[in-house]
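The block underneath contains the structure these notes are about, expressed in structure tokens.
Order as written gives the chain letters A, B, C and D; numbering starts at 1 within each chain.
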Amino acid sequence: MAGADRIAENLNDALHHVFADYRDAYLVGEDVSDPYGGAFKVSRGLSTKYPDRVLSTPISENGLLGLCNGLALCGNRVIAEVMFGDFALLAFDQICNFAAKSVSMYGHAKAMNLVIRCPVGGHRGYGPTHSQAVHKHFLGIPDLSLFEVTPFHDNRTLLDELVNLGTPALLFEEKRLYGSRRFTGGRIDELFTFEFAGDHAVSSPGEPGPADVVLIAPGGATFTALAAARSLLLEAEIVCRVITPVRLYPFDIRPLEDLLGEARLVVVAEEGTEGGGWGAEVAHRVYERLWPRLRHRVVLVGARPSIVPTARHLEHEVLLQPERIVAATREALRG
Amino acid sequence: MSTTERRREAGGPIATDVDRSDLDLLLLIRHFEQAVLDLFSAGEVNGTTHTCIGQEHVPVALRTLLHPEDFLFSNHRGHGHYLARFGDPAGLLAEILGRAGAVCHGVGGSQHIHRAGFLTTGVQGESVPVAAGVALHLKRHRPGALSVAFIGDGTWGEGAVYEALNMAALWRLPLLLVVEHNGIAQSSPTEAQLAGSIGGRAAAFGLTHRRVDSPDVGRIRELVRGDLERVRSHGVPGVLEFSVPRLGPHSKGDDTRAPEELRSLRRRDWYRHYQRSFPDLFAETEERQRKAVADVVREVRGRPLSTWGTDGWG
Amino acid sequence: MAGADRIAENLNDALHHVFADYRDAYLVGEDVSDPYGGAFKVSRGLSTKYPDRVLSTPISENGLLGLCNGLALCGNRVIAEVMFGDFALLAFDQICNFAAKSVSMYGHAKAMNLVIRCPVGGHRGYGPTHSQAVHKHFLGIPDLSLFEVTPFHDNRTLLDELVNLGTPALLFEEKRLYGSRRFTGGRIDELFTFEFAGDHAVSSPGEPGPADVVLIAPGGATFTALAAARSLLLEAEIVCRVITPVRLYPFDIRPLEDLLGEARLVVVAEEGTEGGGWGAEVAHRVYERLWPRLRHRVVLVGARPSIVPTARHLEHEVLLQPERIVAATREALRG
Amino acid sequence: MSTTERRREAGGPIATDVDRSDLDLLLLIRHFEQAVLDLFSAGEVNGTTHTCIGQEHVPVALRTLLHPEDFLFSNHRGHGHYLARFGDPAGLLAEILGRAGAVCHGVGGSQHIHRAGFLTTGVQGESVPVAAGVALHLKRHRPGALSVAFIGDGTWGEGAVYEALNMAALWRLPLLLVVEHNGIAQSSPTEAQLAGSIGGRAAAFGLTHRRVDSPDVGRIRELVRGDLERVRSHGVPGVLEFSVPRLGPHSKGDDTRAPEELRSLRRRDWYRHYQRSFPDLFAETEERQRKAVADVVREVRGRPLSTWGTDGWG
């Protein structure tokens, strides 16, 4: 809706609130200080207001995550900004082997309030090393939760939850979202409204009764999924609900069981490349809970299994587009 | 016609004569980068790009000291490195614009370029251990050849750099680290991201190090020729640090430095100094390169989009 | 069988053959030189024979993988030994962002012959940072294949294949395998025989006809799966085939379609922790190809979602055991 | 009864008097480690362990210079660090054997231990940036407190160490890096894995560095007291390097060094020197500690297995 703030601003506001609410909040990252305020400007204003607790680091992803781990170990609420999610791979050791493991590996429950913000995804022409959706690599690490910013969820609530989680969390931020406005007030456009089921946002066209298709799509893939749902409705009268989870892992399927069980088809769409990804994990949860009720196998769509090329026309070919979702959905419903 | 032009003015930072081909290249790069920024402003560049305005003289100076069998690892700010090696503005521009004839089919874009003996990646520091591996190969199969890695001052934040220097020093690998120290990394001034000094970092591994401040291509060559020879002939690593001004933004429109700072940096621009020392040649050359770049821009913009696929793979 | 060599020796032999066959073969890793020969002794004898091409590196996992990348870039056949697979996470950037991406991101196909050997898994009491089955984190990276040593496959053939693959590969080596003898000659014990279907080893009890259960289990989980299959047969007359793939990703399901389609139940067992793992990816492939024929949802079992504790009795609780497979199988067949 | 014993012999590496509690601790650690190796040989230790035989004097010497609010990051070879801080052989042995009363319920084992102000991890180098983060916290909330990270010479291979030192130097964090330089990393001699010197690595970041060779606890304290104070009061990082012999295997049965090398290393053992300088006290203390350790071993071996779970979490 026109009135809503852009998501980058909403995130920035959320960060400001964390700092206002908690005197032990830290933000640590490359070029996060004013006037730069981070590569995507999400951290603007923080260093000016809280110069002691906003640290612009050298280009040292593993080191800066280690520093965050030390701060978290001392009980602080720590937010790391990784300039591009691709570089979180440089800090994999500190994230997996220290942050997540420290919660349990010393035999005692040890709280680690650490949020690792990672801008991810393509559609910006940043090329192969700056456009990955790295989610899949961090799946299934005990005591590491994965969250993703959505167009629906207020980041103020979300960030407050994350800095108090007691276990480290990755927060993915799909770059397309930054400049987009949040959906608020239950309405997306003239066709779609949304409500929440548990933590999940559920977008539906006005049609009553069960949907033909339930499309699960996080982060920026929400836009792609909504565009696909619109086409499916207008061009083929296929009623499609779009579910946007905010917590990707562990994935909470319970609030969705009826929705999923009633549909003719469940599709999971993700920004990451097809193969070995988040979609397979979600599908597994769906089968686990809904096997007898499923009328079709769960269909997964994602980016093509390729690096993300730089040139716009090539990037477009690789990344997930509404047409791919539409085609996969129609094929499944036909077959 | 002589290819070397005598300096007119006495004193000043340019103390040597200029080779016409050097000036050509300096101005080609400058105008190429300017054109990239203009194309960016016009919305014709997808994604991002990092220009080397103010730093062109480093690859130009090193060019004549490098051999064809040397392997160069460039970085995100690598257009100058590429042009100094290949003199192929059309192939590079096509890459940046995703047009036919792009050196990497538009897949890599500005910061992911690979061509025989030349490679760029977009992850800071990642190339240095890779360059050490190439140095090991060269040492065995092409003795005398160098593996050269260009990095910025900020990239010394990355642990990979130290892991690589340690191995290169232990195994006496012909790795030359060329540091373009422009006093800044994205928005962070060097004082805020680098403790101690680059010379100290080199010394930590027992490596030779030289810091060069001159904007003078000829002078730079005099200063560093022996260093390169030593790395080649002894097969040991070395670090060359060039103090340079970054005159443009980090990528596009993201310069947060104060106007006074930029003004003072501009005083260090090789461009001014060469212009002052060789006014006629400079004017003539600049005109030529401006036109050459404009022609390239026009020609490349008219090309069809690049294609990529198993068929298109060369 | 008594006559077969131990798998560590077989691997060592395979490495010696690669070096004998290819003058551009390199082995790079920590403490790989004689007389130490690597933490698990798999690299013994190589540095003595090929001192120039066996490099004992400093403790620099990311750096050493970078070095390997440089050597591979020059056309060499490079084998990296990561002392413990857990530390491969330190080299994630070089593996994912350089080795795998270089194959395609420059627009031209670029061969990278790089094999990254990773001892993985627990059962050794090495504790939380030395016992992970890190497979899951490397799934789904375009142009990166995952392989795992098995008790069936001759590593000489395997390694020769891998150093000629043209794309980088991770080779996981479950630590229990090192001291175990290979199964050869088609027989495992008095109950089980094996044969190959495509690249997969298929172990069957002598029963004719389709199996009740097909159990897919790689690497060291093969032993666990075989023990489970034995119990199921002897205690419940459930006929269970065990499939041991050597290539984990991409997973080739085609040679298995009939076997899987005929079974009442498909179970995937893995050493890694449950959640977001390899099993979900395999399950997805199974559904994709066999949906109409499946009589039960695919059941996944793995280690409990926990760090791997050090003390033997605690480690035992966390890691995959035959009893867990048996229980999950019986429950599924009952339900 | 005096707690300090006068040296009998003139000359030799032990030039100071000995405090009884120091000798107690030195010999407790020595016998504890010996007991661990024996238990290992008897098949009673699951997994692996790394003993600090030959290096005990480093934590013993530092003990009195450290404050309760200092935070210590130990490493894989950390039993001595733990015992010097907590004097709790039973809790540590229970951890190694997975018995009731284990300091981490047997979950972490020998190389993953956490207790107030003390933490060990099994990944080399990983702790140094974490220690920098703790140093930052301490600087703000407990000025004068130190964050101390113990690492070996080989761990300088890890890039994380440099990333951390750079930040610690930039932000003037009270981080003390204690390097136990035992000339080897697993099987690799230092010359094969470390180019240049540790002093040079410290200098690269503008850090103070001191190398200490003495096996004499009292002398070490004299030498380094001022260094610790400087880190505390100026809030800046420093590096202390202790040259020590590793007299045992890396972990268990994996020592590939030649007998002569081991013989010559044993000549540097604090044990001999203290034995020679304080024969009576030494004999008496050793007897006492041998027995104390034997008692601990007997008692802990008799305990039930440790339990772990949400219920058992403290």
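By definition in this document, a residue touches a chain if its C-beta (ideal position, glycine included) is under 8 Å from a C-beta of that chain, and two chains touch if they have at least 3 such contacts.
This is a predicted model, so every value here is computed, not measured.
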Notebook entry, point to check: Quick one: which chains contact chain B and chain C both?
Noted result: A, D
Item checked: For chain A paired with chain B, centre-to-centre distance based on mean C-alpha positions, whole Å -> 37
Check: How many angstrom lie between the CA centroids of chain A and chain C, rounded to a whole number?
Finding: 31
Check: Using mean CA coordinates as chain centres, what's the chain A-chain D distance in Å?
Finding: 43
Item checked: chain D: positions in contact with at least two other chains -> 102, 105-108, 112, 121, 123, 156-160, 163, 166, 170, 192-194, 306, 308
Item checked: Shared-contact residues (touching 2 or more other chains) in chain A -> 57-58, 60, 62-63, 86-87, 90, 93, 97, 104-105, 127-129, 307, 309
Notebook entry, point to check: Draw the chains as dots and join the ones that touch; what shape do you get: line, ring, star, complete or other?
Noted result: complete
Next item on the list: Over in the complex, which chain C residues touch chain D? Could you list them?
Entry: 30-31, 33, 35-36, 39, 56-60, 62-63, 86-87, 90, 124-130, 307, 309-315
Margin query: Help me check something: in the complex, which residues belonging to chain D touch chain B?
Written below: 156-163, 165-166, 169-170, 192-197, 200-201, 203-207
Next item on the list: Would you pull the chain B residues touching chain A in the complex into a rising list?
Entry: 45-48, 97-98, 102, 105-112, 121-125, 154-159, 185-188, 192-194, 254, 256, 305-306, 308
Note to self: Residue numbers of chain C touching chain B in their complex, please.
What the structure shows: 52, 55, 57-58, 60, 62-74, 76, 93-94, 97-98, 102, 104-110
Notebook entry, point to check: Of all residues in chain C, which touch chain A in the complex?
Noted result: 62, 86-87, 89-90, 92-93, 96-97, 101, 104-105, 107, 127-129, 136-143, 249-250, 272-281, 283-284, 287-288, 291, 296-298, 300, 305-307, 309
